[in-house]
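Here it is, the structure, as structure tokens.
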């Protein structure tokens, strides 16, 4: 488990794989908008993974941070004339603050109660957004959300109205967050989170005040998810109420789990799979979410390390076969 | 004054329905030691079955008996086929499996009954109001209060006075002991799950004529049940009763003061309880 | 500096009318190996839990290294120089032995470990500490094995090793030989007496041969209170101790 330095460094194979995915997606997929949506949900799944995969906290509150980020970014652009970065920072702060609130209350309990509390807070946030319809637009959602140009110190660097330009911006941001998340999980903090996941009692006995660690995990997760929410509003030019619904939290959770908890590339894979599936199926069969339910149960029962875990073990098997097969490896590859 | 009495009665009726939902959740949690995240979806199913049975037969009374039984039987099948496989896994896995079940039930319901809500008429015998002096109250809502009180009593007797109840209570303490008694623990688990879920189905039937049937009600019901058990403490009959009534009354009385915020206030109440008494009003550390 | 590293004064814990711990005045001399024994239900574990902070005593005080830590939560006691092991093995099962120890060493940083902006390999001191402890508990060959894959005996040893990583002044060991096979017990005996040369060790233990061979001092508890205290020879010959243990088997 102690990894050699090369693996923990920022420019490792994992980061390169993420980079490759970001470059390839718009070339392979039918539209840049679809690719952007995948990256946005991959960010949200990364935030969720930090809690579920690394800290062992199953949170139904991710939609609060996603929706909160979307609302705050939109409102700051509409009413306060915030630019692109201003809105994103505002969304990040809003996500972190909401996560601090939810986290501080929910981690007062552990296990099942913790999960129930996050779900209850998610419902509360939904009703709050619904009630504050003067600000959020209620059921109709918040309309006419702008997508500001990329500018720095008043100089406009790029117009993001084209879907490819916006994709490029989201891609860079995604990679930055991906690298940041890698840094976090390989930091003293990240390794302590894993310790808490593995055995909270022991983590406390060796000197960690576990609640502080869980709370910081929430804050970071909330910040990342808030940014994702803001980008989603900019993508759609619209911040719907469904951003903050329980279903959003569930979707983010399902992406994280189906992709594979405890691996960052898994989050990208999970988000990609679900977003694509939704895009392909929703027009043919509006009730495609039944498949999500079935897939969730199947992954939990038969493939607990998710799709990415499956990919990893396939790779391992393939490598082993290549090593043991020796001369015949050429044929094996041909057959594939 | 009579407005507050009216709302208080409404709150009790609502609270008793919340009690039915939460006590099912609590019984399942007590014995099987996991939280059923599909609870709200089974409630939804109860409501829809009620709608179908009323439209087919025209009899609410038939629906009242058959719908919860059908829901319980479906739950029994789910336990046998799916949930059973996860008992040895951590509780996160149970949550995710039941979450999957909830999604499937909700989407199937929309596929069958459509995305638009349905209404269920109050049975003829209970339509109209009852009047005491100048106070009027809908007969059906009064019936709900009385009927749920009878169910609550029956449930209490079942848990406290029968062999089944004794086994459920003993199993909540230590599942191993019960299996040593020679009882088929698996059978007990399946029956308990069916009973708990059946109660959610019953709540769905009773609520249908009051609140209608809406395909996305599941998460709301689940959230409310969680608020009840967080306030009342998980695993206790009395906790579910008091928690249910508190939530029902708060929601109902708030409706007169601040209609939009009524649902919000319930969650606010829960946050306050968590801050002051993290283990619930009756909970122990 | 006082001769005693740990002193309790009138320490008690009641559950309603039942006193799990009556009134305990325990003094543990700096640098000694001090064992607490007693029949089941004597209050050893309750005493242990009060010392580690898992239970808050209902009366009395605990002084450690000159500081009152009666009301300190468990994780803060580590920073004061107190470290514990568990009766039921409590490891990070899916992590390697070295990572287990490295995390335990990192625990000393307390909130310093909240740093999320630099790589953990920056802190070479924790890795060094882990390797040092690996040597000490003779598990270097298993450094990269998952803790869950170790034999039970090795897990018990790692359990003690985890407690060593915070450089404690005093070790609290909760039945270190619990569940160990006969063959493994000498390993544990040697380890504890080695540790006793550098630090204060307090332990709860049932294995009388181990207790008698390594303890400098033994406290016998009975029904929530201290029955007697003395060196192994005094305890071995004491009639009251025999009676207390006989009473247990008689009932």
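For this structure, a couple of remarks:
By letter and in written order, the chains are A, B and C; residue numbering begins at 1 in each of them.
Just so it is clear, a residue touches a chain if its C-beta (ideal position, glycine included) is under 8 Å from a C-beta of that chain, and two chains touch if they have at least 3 such contacts.
Everything numeric in this text was worked out from a predicted model, so none of it was measured.
Separation of subunit A from subunit B in touch steps, taking the shortest path, is 1. Placing every chain at the mean of its C-alpha atoms, the farthest one from subunit B is found to be C. Note on chain placement: the centre of subunit A and the centre of subunit B lie 33 Å apart, centres being C-alpha means. Subunit A and subunit C have Cα centroids lying 42 Å from one another.
Chain centres here are Cα means. That of subunit B falls 48 Å from that of subunit C.
Counting partner chains per residue, subunit C shows two or more touched chains at no residue at all. For subunit C in complex with subunit A, the residues that touch the partner chain are 52, 73-76, 78-79, 83-84, 86, 90-96, 98-99, 102-104, 106-121, 123, 127, 144, 146, 162-163, 165-166. Across the interface of their complex, subunit B is touched by residues 56, 58, 105, 108-109, 111-113, 115-117, 119-124, 127-128, 130-131, 245-247, 250, 253, 257, 287, 289-290, 292-297, 300-301, 304 of subunit A.
Against subunit C, in their complex, subunit A makes its touches with residues 1-2, 5, 8-9, 183-184, 186-192, 194-195, 198-199, 201-210, 212-213, 216, 220.
Subunit B makes touch with subunit A in their complex at residues 29, 34-35, 82, 85-86, 89, 91-93, 95-97, 99-104, 106-108, 110-111, 219-220, 222-224, 226-227, 229-230, 234, 260-261, 263-264, 267-268, 270-271, 274-275, 278-279.
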